[in-house]
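Okay, so subunit A shows up in both of these, paired with subunit B first and subunit C after.
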Partner chain A sequence: MFSGWNWVAYGLCLLLNFCSLEVSGGLVQSCGHIIPESPVLALGSNFTALCILNESCLDFGNIYANQIIWKIKNKVVPKEQYREINRTVSSVTFNDTSSLATPLTCNILADGQIEQNIYGIAVTIGLPPEKPKNLSCIVHQVSKLIYPMTCTWNPGRHTFLDTHFRLKYRWPQDEFPDCIPKDVNNSCTITDVQFFVNLEVWVEAANALGKAESDRLVLDPIEIVKPLPPHNLSVNSGILPTVLKLSWENLISGAVMKLKFNIRYRTTGDTNWIQVPPEDTASPRTSFSVQGLRPYTEYVFSIRCMKEDGVGYWSDWSEEKTGVTTEDKPSKGPPIWRIIDASDSPASWTVRLMWKTLEPFEANGIILRYEVTVRAKSSLSSPAEKYNVNTTNLTLKLPNGTYEVTVIARNRVGASPPSVLLIPASNSKAPVKNVRTLPKDGKLWVGWTAPNSYVLKYVIEWCLVSNSSDCIIEWQNEPGNVQGTYLRGDIKPFKCYLITVYPLYADGQGSGQSVKAYLQQDRPSKGPTVQTKKVGKAEAVLTWNHLTVDEQNGFIRSYTILYKTVDGNETAVTVDPSKTEYTLSSLTSDTLYTVRMMAYTDEGGRSGPDFTFTTQKFGKGEIEAIVVPVCLAFLLIVLLGVLFCFNKRDLIKKHIWPIVPDPSKSNIAQWSPQVPAKHNFSSKDQMYPEGSFTDVSVVEIEADDKKSFSEQDLKPFDLLKKEKSTSEGHSSGIGGSSCMSSPRQSVSDSDEGESTQNTSSTVQYSTVVLNGYRDQTPVQVFSRSESTQPLLDSEERSEDHTGGGDGTTPRQQYFKQSGGQDETNTDRPCFERTRQITPTNEGDLVGFAQLQISGHSSQLFGLGLEKNIQEAALPDVLQTSIEGQTVRPETVAGNPPSADEMPKSYLPQTVRQGGYMPQ
Partner chain B sequence: AGQPAQTISSITVPMGHHWVGAHRNTRLSPCTGVVPFVALLLLQRRPVSGRALLVTSSSCPSHSLCRSNVQEQTRRQVALLNATAQDLFSLYLKCQGEPFSSESDELCNPSGVFFPAFRVNRTSERKEVMVAMYKLFAFLNASLGNITRDQEELNPTAKELLDQLHNTTKTTRGLISNLTCLLCKDYNIFQVHVSYGESSKGKRAFKKKQQGCQVLRKYVQVIAQAARILLPHLTPP
Partner chain C sequence: MAAADSPSAALQRRDLCSRGIRLAGKMRSDVIDLLDTYVERQGLDASASVVTVEGVPVAAVERWDEQTGTQRLLENLAAYRAFRVLLAQMLEEHREQLGDADTALGRALAAVLLQVSAFAYHLEELLRLESRGPPSEEGTAPPPVPHLGLFERKLRGLGVLRELAQWAVRSARDLRQLTKPSLGSSSAPSWAESP
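What follows is the complex of A and B.
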């Protein structure tokens, strides 16, 4: 217990000691320090540091060297590297300083394991400077008297330390201030140096770890001079047209340095320099005459210099100066060629003479004019024609013949040698052979095999073949000893050129040999447009047009036809480029094909647009093979049918097309013989004498219960009714109510309000006794009856009985009278229409009333009367009817029933007020 | 080289006139210009009068620099001085104005000014010639230094003149270095007695101009003689 309190007291005392130490004197005091202080260490070397504790700390804090802990930054140095030298000194050793870092601190572990820092140092690690290498110097002349010298060197590795370089130099007995580089470590410039004194130069590099000197360089600065180039260069024309004289000033005194020179020159526009032979300019000078130049040519000159003995450096090239040589007469005549047009007249030519302007090196000046002489070879006596031309062509109209054309170019100095061209009557000489072309170095080379004869020269003619422009001929001359040349012109790639080579002989010229060529080929700009010419079941004939020259971009080597079905693989067919048609075979019938075509040059191909077609379902002749037999069979069947029908025409007619009796051709053959006297037929007899009223047609209408009077069935009667209406009902009744009927009361055919109840007490019936209409069997014979019984019942029954074997369907008979009148009369027959009243809703209407409308005999037989007469008779009839019954006539003159209403007269009548009721 | 060291002359004289190049901006022509004048060199530590120098030690300077080309370098230096002396004198006269430009013969008569005797000829012993040359150019170096100093004061804008004076002075300094080398290397001479004459310092401007004119005129004459005499002695065998 006591011991514990002692330790606490001791700790407090130690703390107070620290505090008292730190505040004593007002300055912070450390309990120790490290030596060396802020060392600079060589990288990779070993290093030992000592931490020395102050004695005062020992006294107050019981701090000893064995408590020291070394740290690099915050990392504790292994204790194996510690060594306690005595109780106040501890050392740490590092075998390799590369493991060191800043700061290196000395710490102590006080009581309570509290780590206290005693001291720390900054460690700088680097490398000593290397020996500067490759020291070299050069003296740049900057003015006539100022020659700064710049020395450069390789400073060596990076030292990681502040390393200073100094350029040192001295004379044998004089030291000069060091040259200290600014911002760099590998060069320095001495502002002025003295020539002809040996100068020793070296570089010293120094940092905290040491110094290093380069090798010493001993030199005379005059030996390393790069002088300024000569200035004020001037170029003057000499007397000769091939000489130019250069003059200049040297910026360095000949007493200081003797110079040699380089002179170079080129023509303006050229990029290649020509140099005057160095041996010609190896001595000091300030002028030089350049010879061998071309007349009237602008040259550019430049000059440089260096020490005469070649020690040192060449100066830069001087500024360029130009000069022009004087003129000389043209060195050669202009190349000449011609185009002969013989189309105008068979007896003469239009000759277009063309010559080329001379190249500047040939013209040797400004060409003032051309002198053209044309001399006919055939007539030597005739004088030559001379022309002075300022242009390069001349068009002449010459008679057919051989001419010698000479052209001379003239400048201010003189005339050129003449150029001669023979214009022969025909190209009768041997041509060249094997004309070929070859693109090379961006130019088009033309080669040929020379003919056996001696050729003076060749003319190569070419033009661009295009659809859009004419073939503009260009040409060039070549000497007779060559067999190939490059075309000198703007030869464009992807364009077709037609090249012709003419050999020119001393006495004429050979015919031209042509070849087509491309400088550079490309794929065609488009592909052929293919289409079908004919499509069959298994084949299709394709056609296309050749690509135009402008589209080809090269020689078309082949076509490829690519075709496929919708889901099939593409098939390719290669076609010769000369063809424009191809037949695809083995196609599938009734199939959609897509076809396109590619045109290939040497550089590749390009496809044209797709074209689709569908093969036929049937082949050629297949349809004919089917259709023709079918047609024949059909015709045969029709023929057989016709024959059959012809044979059975009676039967067919009977069933299908029965003969309808023509009422207009009917006649009542005979009236019943018992009653002829009772009939008041006197008038009739007069009007229709025996035999004139013979044709009576009988129409049988079977009245069905519901359908017997359908509208359709009644149509034929509509006409009758209409006619009847127009005739105001002057018709003769059936069943005896004919035109010849007795004067009984009849009713009008008016649709409504007709009363079938006849108030007359006596109705005469008549029976038609048929003799048969023509060959037909008479259906019934009526005879006039004197009966006074009510008409309908007896007649109905009579109808039932006399109707023959059709008990359920009452049969009505109509008479159509044909009095042998003309057609006009027959259109207005005087007949009597049976009105059948069919019960509709009323069950008591068990039968139909057969009304007999009889007109007045005088009226009825007036078939030949005018219509107005018939119409005028109607009121009489009506009047008669109204007397017995209340009958409201529906049909009045001027208000005829409509066509729709007409069938009502045949339909069962509806009972109306005061109307007629079925009996 | 194996000869014992000889002392030709040794007079201790206080350091006299020194000149140092200065950076100036001047404007004038043709004796003037507009150029920052960088007169670099080098502090001359030569007495103006009655001063000997050479070396401070009893041995010759660095033999590594005394190479075989020093003879040729010396000849080229003399030739260079000879080639530029007349131009320097003419330019000097031109820049001094009247009456120097028109009365140069009278005003610049060198008889009234000290100039080292140069009594050697082509037949003189080479060693003698070398010593005489040393004395001459040591004097010239000092005199040119004084003239340059005076002209910087009197014609500070005469750039071309000052440049030529600087260059001539530099050349004489290099020539002295080479002669020292030759004397030491060939004759083991490392001390030579040199007379410098009267300094112009403190004199009036006209007198300064006249003294410079007289020295330069004499310089033109003597350098030509020196060039002729030195040539056969410096030609490689």
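What follows is the complex of A and C.
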């Protein structure tokens, strides 16, 4: 509609704005027009328009039909579609109106090629209406007397035009006003219809391009009625506990139609409806008694109706009404079971009798109390004990034996049949076998294999196994002909249940068979905490505790130990779930390992905390295996060394402690009779008591009496010795050598020669002074005596005085100390220190003091010596005690030198390496 | 006659009779309801006694069981054509009096009027099946309604409705009588006897 007016307005606008070549008197006068004016065209049809020019314009403007140009929306229509009918009329033809658009204008090309608009029209294109299809009607009852009829149809395709629909209806002899749809084009409602007269109904659709009618329906409106549902439904309990009586009112008169009904009902809380058999309610009525209901149960009812012959529609369901049946006596006794505690005393039981509350459909009312009867089967004479209980359990202390327990539930109407439980003295009958479980449909199914004997019924006990709570037993009864059932209870997932099946026989019961089960398993909530029990070099013993049942969340199928070094790959070891200890082997020694442990159920595993340990560097007994052989080898070497030394002691002694001839034992010494007289050691003995020296230099002088060689015999040796001594540098080959002296300073291989030399007529003396004394510059002095005189104290002294050419004859002192007690001088190794003090500026050697003393006493001893030297009262001969165990130092002083020759002071010194004492 | 004897004609006749009976029943029910409404809205007493209204056909008849089928149909048709006129007058008067204010009563009157028309159509069709054809309405037009006062018009309307209710009962019985097989043949000679 809007689009049509739009086109018309547009066309008017064109007429006002164009089409004028001449303006006179203020009015626009058109030079032509188009035929047809504002056509409505069917889509796809052909169309021809004519543009007719006014004769007046021909003369005035010299315009003719051959100058006409047709345009569609400012787009020039191809010339092929033009046709010049005469000098004032031009036509344009369109074979398909779908190419048309608004406006279609007639224009003229005037002089100067100026295009002028003559006229324009608006073209409306659409479709004629289709025949309405699928007409159907229904009479909705809205009140007792009002029955509007609504008809619907399919209006067909969109016509792009303003199309009007009308629902027409009539009796054969009467016409009724049309029903005109409001806001829609596919339905209309006739407010009131009359029944029992055939009504002819049809739909008419019309627009600018045509008109169409639907097929005609002839119907009696009574046959298409959807009545209102019965109302005021009421439910009354009847005399019987299984019957409820329904009453209602029908909103449609029986004169209009006879009704049939549907009645449905359900228990409160249930969602499934039960329908009363339709044939029971197929006749007109206003009440009905529903039978076969459960006592003391609340029911919900609803009802609907339709025409009795089934022609028409069912009404909606009525509002729901509830009713409760009356009570009846309980239909069965309560299921009963017991828990026997025999721990208190061996002669009696604590029997806890338990029974379940009856289901509402079994209780048939409110259970007021339970009547329990306990009868001892063993003694028929004893009367039965009766108890009235309001709860569902009863604990009794009974002597051991067989009992029959009976429980009766009682409500206001009556008592239930009795439930009987036989409690035998022992569960001696055959048990069930192969108890198994299976989670199914969110419930836990328990199955078993029945024993061969006839079983009255089964009792299935179960409880939730938990660390945090006790095992609270739940149970249920199953008939004896089944071998499996679902547990009826709140079975939680991830929880462990201990399920036990007992078979009950007419004359006893079998022992229970148990199984653990989960409704649903999950990963463990934590992993085991692993730690080391013992760590070795290449192995470690791991221990852990089992997860608690609350942590398991399922059956632990295996443990996996995962261990790795810091930079190594992780190694996994699967361990049987029954174990709590495992030894890791083939580990690397002295290595840090990280170990963790996973526990697996069927649903997966979870890891415990990491634990680190370090393997040991050495294995068990490895240290002992190394140390013991080494010690043994060392001891063996030492032993061999000792044995070697013992065997070669003479040789060793000869090399280490060369035999130094003892001058005192020389033949000459023995020859000199006054020497022993000169020695008075008594004072020395007192001064240096025996054993006061810890480190003693011993000069061993071997007195070889046997070796009395002639002077000629010794000479060749003497010469050889001389050469050797010279070649030894500042060591003397003729003097004694110190055990501590270096080989360079001692001539060990000349011992024999020395001995020979000592006994020879020619005695060579040599002195080597290595170090200076105090601020004296040490000067190596080697002096040799070529004397062949026997070595006598007096001679030596006189020789000292006369030997030096410059008058500064060095004085020699000889000290001999002995540290041993039982050793003879000849056999005992000696420690010998020699020092030759060469006079420096003064050139005077006042004296020698050669001591080998302990450190702490050396000073004192030295002072003593100095004192003795200063007193110069001691004999100036060196006296060696042969028999005594101690060699006492003697201050040897020759004739007292002059005051300027005497050393100003003298401190005894320990003999240093390299020192040399002339002999 | 030939048409009446054909199976389809018999079936159609039976159907017309059946639905006519039910229509009569509904009409009676609606008229009873309408009577209550009418009495209430017009301020009348339900126990008011109404004398015979002129121009209103009377349902009571003597020797009803001796009537032929055509007689029954013709009497019924004449009565309902009269009621159609009377009810149309009542509806017109009601609209003049109350306008569109009391739509319930007006709608109920219109509904009853429609049912009366429908029942007359049923009777005409039955007569047509009897090869008798309905008589012209021109000769059966009710006498012109005398000028009455408002209360008289109300009482007259009450009388019309009560008589219509009676006629509904009688019409149902008449149609049942027509559906009885024995009457099908017995009614045939009656056509000849009927005027």
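Simple rule for what comes next: the second predicted complex is superposed on the first by the 505 of 919 C-alpha atoms of A that agree within 3 Å, B and C clash if a C-alpha of one lies under 4 Å from a C-alpha of the other, contacts with A are read in each partner's own complex, and residues count from 1 in each chain.
Following the convention adopted for this analysis, a residue touches a chain if its C-beta (ideal position, glycine included) is under 8 Å from a C-beta of that chain, and two chains touch if they have at least 3 such contacts.
These numbers come from a predicted model, not from an experiment.
The superposed arrangement places subunit B and subunit C in clashing positions on subunit A. Of the two partner chains, neither subunit B nor subunit C is touched by A:T395. Using the contact criterion defined above for the overlaid structures, shared-chain residue A:P172 touches subunit B and also reaches subunit C. Legend: residue contacts after superposition of the two complexes on their common chain; A:S253 is shown touching both subunit B and subunit C. Within the superposed three-chain model, A:V218 lies in touch with subunit B and out of touch with subunit C [touch as defined at top]. By the document's definition of touching, both partners, subunit B and subunit C, reach A:Q194. In the superposition on chain A, A:S453 contacts neither subunit B nor subunit C.
Between subunit B and subunit C, B contacts the larger number of subunit A residues. Contacts of A:T322 after superposition on the shared chain: neither subunit B nor subunit C is touched.
Subunit A residues 145-146, 171-174, 192, 194-197, 220, 222, 253, 255-256 lie at the interface with subunit B in one structure and with subunit C in the other. The residues of subunit A lying in touch with subunit C in their complex are 144-146, 171-174, 192, 194-197, 220, 222, 253, 255-256. Listed in rising order, the residues of subunit A touching subunit B in the complex are 145-146, 170-174, 176, 191-192, 194-200, 216, 218, 220, 222, 253-256. Across the complex, subunit A is touched by residues 19-20, 22-23, 25-26, 28-30, 33, 107-108, 110-111, 114-115, 117-118, 121-122, 124-125 of subunit C.
Those residues of subunit B whose C-beta lies close enough to touch subunit A in the complex are 38, 40-42, 55, 61-62, 64-67, 69-70, 73-74, 76-77, 79-80, 82-84, 163-164, 166-167, 170-171, 173-175, 177-178, 180-181.
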